[in-house]
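Each structure below is given as structure tokens.
Each of the next two complexes has subunit A plus one other chain: subunit B in the first, subunit C in the second.
Moving on to the complex of A and B:
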């Protein structure tokens, strides 16, 4: 994972003139992630909120008429969060990246609101509900396929973020919340799965299907994703 | 459920396994065995006798390697199995030590047998320091595939020596929870060392301790506390 040197990023920001700024509206989207999105007011009504790609519904083609185009490098690649959902739909691991407390916010001033504020902090109960909902959506999508059995939704796209889901053979789901343009989700999820089987499943102090409290797993994830800024 | 009880000497754990026979039975606990039963694959042709492990050439497996993942899963189960049957960290460490001891006796026997068959001048270590060196390199290489990282001698106690491993392979995937932070699963390794020391005629008490550093978070020290008789004999041999 190559990271942009911060000086380069801040230089990019400083060349931005105020009149280039699109109208900014801070919204909570309907999944409640509370993602602060910049949105062009005028065209916001014409956009469909979700593009669901199931494996039989074809690959992700470019979404029609996307009004949201990331303008800046910072926005291009970011990983917002990682969830691990057990086979019963319970959230056993949840972690946020690229949040306000990551290194990114260091050069964000009051005049330039952060482009990526990560995901809003929710209570653990809200996360559990979200994970259970996603589990349900996934179960539904796996039965939607017109061509027989399906492994269910793999990518769910929103206005400014993307949910990539990796379903393992044992029913555990790894969920990565990223920016729309992130291309590394699949390989990262694969590596997360690897870290999970090493640091969690081989740990005698872990109980299967229970919340993951393994220091080794945390370390591996930190090494893998860090502050969530890729590219 | 009646189990044929082995001779007590054959299994150090036989006493406890008798008391919890119902727990050991796969039929009694359904949750652990929730996977659908797979019909047994007929790998052996009927009639053809299975090759006996005892008939295999002992040198044949010298350079063959064991899957680290498979071992990690096995050792994880060993720790879980042991943890269910103990009350407290000391007890757990003592039992892991006992299990390691049973491996150590076999490791020593195998290494002696191999050195006798391969070397023209097989040697038995009778002095302590060369013996310790051979544990540090030969035993570690035979068991873990790499030598240990250091040997140290205690400054305070003349009868204490330490073997240090910066990254013990058996602990590579283990994260000990905070409330058990004193636990070192390398007690298993300590048991192996204790058995080899005993077998070589240096009775000692061997324990394992976590000594993490910033660079090596799972650094482990195997502490060897020699019996007085060993030190006395070393004194005599010096002259």
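Moving on to the complex of A and C:
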């Protein structure tokens, strides 16, 4: 048996019912064709599952009996989340876009979080644990280099999304979760760093290394990333 | 563009095979008992010369009738001290002027496994699906993972600019691995006592990797 960190085993997921979400268009079609058609239609810039209009889609209010689970993300380019990790590995800022928290506001079922796209909705405690894990992994990866000295991990890729990490000179990490095809991660992280310097570090009421509760920063991030749909 | 090293882990979290190419920072040899025998001669703990004169093979199965006295044992590399350059491997001995990572091989292998496992769990957790971790990149290298349904993990380190090498790892699995490990009766898989290193397997992987366009 593989040993797993015990902290990752306690996956308690909240069980919000999908009926609470009347605005959502549910996808009922079979996997392959529907996805292609929606991709073809969504060339025109910003798109989300909310404004897709197609006879392949089910009625707007009723959730389907079968969960629709795409193998890959439907959205070609999307930003799913932003984390700021302080130099001790604590998560001081975390926000979701494009997936659970913004437009689709988190459908979580009790068996498997079957988001139509995007990432799973996790509890804040789980995000804290993941950020701590990432911090540790980042430190280890710089020691495994086969050729000369190395930085820590910069991009971590899964099959359908990637994690881009910006390590600042002070040890703060900016982490962006995006779809695999997203090409703007690095520039966005730089801009987030700028916003952080302006709206957080220059704020006299902010305690360094503590969670960021700044409306100014929130506004800047919203202006920068918006709903997470990059065209 | 190059390929640096290959690790194979079994489902018990232990490193069962290691091979490297073009590696400028090598690990120190593993400490005694740190790794299984027959993982890689390059990083195995140095042996006292006296112990090699005794038994020929560590395998004591009654069916194991091959010995290096009666024939050519090519199916497994064991604790037997062999001549440094075997005929099947064209690779020369590694150049001497290499810096060390400061880590013993067994420590390094554990770190690699730890990173891979943590990232794999993290990706699964974040995606909420059964999504696999594929690779990560730092400024100096890129690590690729391919996991078989049986729990074997193939980990390859390469130049940071290479594309995904998952297909290579899969080729190693369906080619050399199946041919010279799974179908090799002298290799006891899942034994927790022996690695899977043998001369044909090593040579076959070496050929495959050296034939790749990314290897130069």
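One rule holds for everything that comes next: the second predicted complex is superposed on the first by the 138 of 231 C-alpha atoms of A that agree within 3 Å, B and C clash if a C-alpha of one lies under 4 Å from a C-alpha of the other, contacts with A are read in each partner's own complex, and residues count from 1 in each chain.
The definition used in the following text is that contacts are C-beta pairs under 8 Å (C-beta built on N, C-alpha and C of every residue); 3 or more make two chains touch, one makes a residue touch a chain.
Values in this document were obtained by computation on a predicted structure and should not be read as measured data.
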item: Partner chain in contact with A:122 - subunit B first, subunit C second, else both or neither; value: second
item: First (subunit B), second (subunit C), both or neither touched by A:205; value: first
item: Contacts of A:88 with subunit B and subunit C, given as first, second, both or neither; value: neither
item: Touching partner for A:151 - first (subunit B), second (subunit C), both, neither; value: second
item: Subunit B versus subunit C as contact partner of A:159, first or second or both or neither; value: second
item: Subunit B versus subunit C as contact partner of A:215, first or second or both or neither; value: first
item: Touched partner set for A:143, first subunit B, second subunit C, both or neither; value: second
item: Subunit B versus subunit C as contact partner of A:177, first or second or both or neither; value: second
item: If touched residues of subunit A are counted for subunit B and for subunit C, the larger one; value: C
item: On subunit A, the residue positions that both subunit B and subunit C contact, one per complex; value: none
item: Residues of subunit C that touch subunit A when the two form their complex; value: 4-5, 11-13, 20, 22-25, 101, 103, 108, 111-112, 114-115, 117-119, 121-123, 125-129, 131-141, 143, 151, 157, 164
item: Contacting residues of subunit A [partner subunit C, same complex]; value: 1-5, 8, 11, 69, 112-115, 119-122, 126, 130, 133-134, 136-137, 140-161, 163, 177
item: Subunit B-facing residues of subunit A, complex; value: 198-199, 201-205, 213-217
item: Subunit B residues within the subunit A interface of the complex; value: 69, 72-73, 75-80, 83, 173-177, 180, 185
